[in-house]
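First, the structure itself, so that you have it in front of you.
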Amino acid sequence: MRKQCELTIVSQQKIAKDSYELILSGELVRQMTTPGQFLHVRIDGANDLLLRRPLSIAHVDQSCQEVTLIYRASGDGTRRLSGKFIGTRVDVLGPLGRGFPVEEAKQGETALLVGGGIGVPPLYYLAQQLVAQGVRVHAVLGFASEEDVFYEEKFRVLGETWVTTVDGSYGMKGFVTAAIDEAGLDFDVLYSCGPTPMLQTLTERYVGRRAFISLEERMGCGIGACFACVCPLVSGEAHEYRKICTDGPVFPVGEVLL
Amino acid sequence: MSERLRVTLPGLEMKNPIMPASGCFGFGKEYGEFYDLNVLGAIALKATTPEPRFGNETPRVAETKAGMLNAIGLQNPGIEGVIYKELPRFEDKTVPLVANIAGATVDEYIEVAAQLSKQEKISALELNISCPNVKQGGIAFGTDPLVAAELTKEVKAVSAVPVYVKLSPNVTDIVSMAQAVEQAGADGLAMINTLQGMRIDTRTRKPILANQYGGLSGPAIKPVAIRMIHQVSQVVSIPIIGMGGIQTVDDVIEFLLAGASAVAVGTVNFVDPYICPKLIETLPAALDEIGVRHVTELIGGSLQ
Amino acid sequence: MSERLRVTLPGLEMKNPIMPASGCFGFGKEYGEFYDLNVLGAIALKATTPEPRFGNETPRVAETKAGMLNAIGLQNPGIEGVIYKELPRFEDKTVPLVANIAGATVDEYIEVAAQLSKQEKISALELNISCPNVKQGGIAFGTDPLVAAELTKEVKAVSAVPVYVKLSPNVTDIVSMAQAVEQAGADGLAMINTLQGMRIDTRTRKPILANQYGGLSGPAIKPVAIRMIHQVSQVVSIPIIGMGGIQTVDDVIEFLLAGASAVAVGTVNFVDPYICPKLIETLPAALDEIGVRHVTELIGGSLQ
Amino acid sequence: MRKQCELTIVSQQKIAKDSYELILSGELVRQMTTPGQFLHVRIDGANDLLLRRPLSIAHVDQSCQEVTLIYRASGDGTRRLSGKFIGTRVDVLGPLGRGFPVEEAKQGETALLVGGGIGVPPLYYLAQQLVAQGVRVHAVLGFASEEDVFYEEKFRVLGETWVTTVDGSYGMKGFVTAAIDEAGLDFDVLYSCGPTPMLQTLTERYVGRRAFISLEERMGCGIGACFACVCPLVSGEAHEYRKICTDGPVFPVGEVLL
């Protein structure tokens, strides 16, 4: 039987404009072994913000049963979350969903990780696992502006890393594709998470290759029961679908319609 | 489970008065991974239409203060999908199932009702009359007493099990709706369905839901549900399954006092997947606290 | 106050689109002790009936999740009380006043409308059609398009100032209500009034409100308000004053985008007595953030 | 102009079954000079519990700008309030209402203070002020049961004090009137706060005398604007009324209908 659980905040830190790194600790962390999975987080016991928020697992430290989430305080819920102190207990459902297929990249191969904004976090845990299994990691991280950049150094430790900003205030100017082109990056396996337009571009470019993208959608239950997060298939009957919360959030490029 | 929670409604021998609400529990599979579904009083399955439906585009849900909007659009695997893929999972289960049926025409309802009510595992039907009636320009079946009564009669005629009519709260006069379907032969009522609502994203200036409008559910709507059940229970003699924002044992008791004979929990399943078993477990202690021996003593208790 | 917030509606030259809602601000006296009322776009006064009324028994309010119920019962000092005791307080003020008028019969409405609309300080009337019509068995004027239209016509005939009709959300079809009163001559709409709701005290088993049912207001009802305004603004050509749960600048913008030309803040005054001036102060920065020069650019922005 | 204000929790302590003593500190305390006035307290920024809660001023220490509230955690709001930690800021509107007329009791006179349950707190601040102006204080405090009793010692310091419990588990068995009768208590001025049946009994007994009672009612605004808390007059026209939040909560016995 699955369980929902309370984790305890052990650290909460602002790491970029409106962006926070939240470290939670507890039993449940033991189950968090797959990058790309997410936690469905209840902001608190107040019922005005009723729904849980899906947040990706950004890093796990099994030695101290700690999981790291990185989130942008953009709306009511994440803003309220950013005000929580160390010691606060957080109601967490998860780990949920199917994460990145780490095993697709074999030892000695090159994995290209492409993250956009708040899509960067899950790639960090992924990068760690890939490196651990002997895969060479190249990371392209796209942000809006200099003040939004986070975790660049942490990625650099794991592999060659390019940072782009839309306004050119830091790193290369433009979108992630600009960096891919300029640096002439190729890969055996591509993993990506970020805004839909970015994923669409990557899909166009790399459909048919070993490429995996992580999607976002507004969710209700997070466990497959409410049909909030459904997306149609690229080929398939009109009523066929995948649920992002349980079949995803990671899909091979070309499987679901973006 | 203790005897003091048992309630009996047409077609439904319930161990306790608590069931998940239709559309908020899928076909039981997912929550079955969290707890043994047999602890539930009953289960209302997701709405079923004759053919498989994809439903609306996403986004399909939006949060509102103490509530949420949904516009799933009746996504479901169709009659065959339900019969061959969903119901078999309940073969070894004892929990009574309520099939929620939907359609775009009277004929569609009849088709689903006839077929699902024949299934051994189905104990009752719940007639979702909030669906748009394509023959009447998309106005919901549930907003006109005559249309709703006609539909009820047709469904009753083909159903092998008792029929509960699920009322829409988006009406001027809930009492006439209830009376109309009771006279048309409904065995019970389920109320309330969602209130129609909307949210606009102030940055994109677009509705958050792809479908523009959606159904408002959750604790925000509870006072409307309580009021309507209180009004209706005074004038009908068929039992009411109450729902709308239930989250605590106190809410359960409030619905029973208003006149419901059993309750359904919808939205709050998404907040807490264990909510139904939690309510069932804590109900006896709550009864003790208010000096009630059997849960049925509460039904309509505010009317006496 | 900056020019970019100015909105003009029939009879109302508003410095900004924000006013307190009727019944949630008394006759201005109390909140006038918190801030200078002249900062407001306008003020909707408490409903006035011909004679002084005591209203309902207490308890008159109950809390609900993200909302509240009220059954004040139109307590007010009557026409004379308003004219001689309340209005003089505004003699040196520039803020436009909207008189909210209520009655149990058409004649009562006419009497209040005729007298209050003549007062120099009154810039517009707001016709509260949610009152029970004693001649029709207590069914609210606001639930039947014909009755509402007739009332509107009569009030228009005697009013010296523009008339806004305040719509009740407790109807199946808000669009026909709006169209009916527009055709009857309404100069504008105010929407929404409260949703009818109830709470039962599970210990006493009695309704919390002495009146049993009451009006649900506050953030809980915002999605219903937004939906109705969105529906109505597409089919009427008179302006809408939007209300229902407004609490933040983002809410204000959402109402304007849905099609309101100005907004009213009700319940949240009780939570934060400074809410109106706070919204007015922070609105310009919010406009900057979404790249809007003048607040009128937002009106109906979700419809384009 | 009036102001609403944030006070800071400096202490929160359980003092009896479900009963808490909350000490708040801040500028605004300077205005809290009249016993019987109340604060309209916002539980927190979450909007599920929308309305403020009226709580009486139980004690004020101007030397350190601290106000004490004593409340029973009975419903959602007070229960949530009881979980707040020291350092939390609390949004408070007040002091509101007209408190007890302290000046009605002259030096050398005897004041009888009769409190029932959660009506006891405002009498404590009152007792202090009466004693300070040379009035002899007799206090009768009624509670449901032994576990509910609080502040008995604090009252004893200020004057002779009788405690009653409904179940007889502590002090005298019965209602406050039992103690008044048994001890043969009389007074120059009576002040009371507690459940309505108690106030009704006292009204019957003492109408026409110098007696003042503090009422409770569900409130909206707390400042006189919403007409939630109105009560009719004993004599007066049908539409005449008093507002508990602004004309009260304290009234002379016999003025308003209970």
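Think of it as A, B, C and D in the order they're written, each chain with its own count starting at 1.
The rule is short, and it goes like this: a contact is a pair of C-beta atoms (placed from the backbone, for glycine too) under 8 Å apart; a residue touches a chain by one contact, two chains touch by 3 or more.
This one's a predicted model, so the numbers in the text were calculated from it and none came from an experiment.
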Graph distance between chain A and chain D, where chains that touch are linked: 1
Between chain C and chain D, centroid-to-centroid distance (C-alpha), Å: 36
Centroid spacing, where centroids are CA-atom means, of chain B and chain C in whole angstrom: 34
Centroid spacing, where centroids are CA-atom means, of chain A and chain C in whole angstrom: 46
Touching two or more other chains - residue numbers and ranges from chain D: 47-49
Residues of chain C whose C-beta touches two or more other chains: 65-67, 219
Chain contact graph, described as a line, ring, star, complete graph or other shape: complete
Sites on chain C touched by chain D in the complex: 23-26, 29-31, 33-35, 46, 51-55, 58-63, 65-68, 70, 72, 75, 77-78, 208, 218-219, 247, 267, 269-274
Touching residues (chain side chain A, partner chain D) in the complex: 44, 46-49, 80
Residues of chain A defined as touching chain B within the complex: 1-4, 42, 47-52, 77, 93, 217-232, 237-241, 246
Chain B-touching residues of chain D, taken from the complex the two chains share: 47-48
In the complex, chain B residues that touch chain D: 65-66, 219
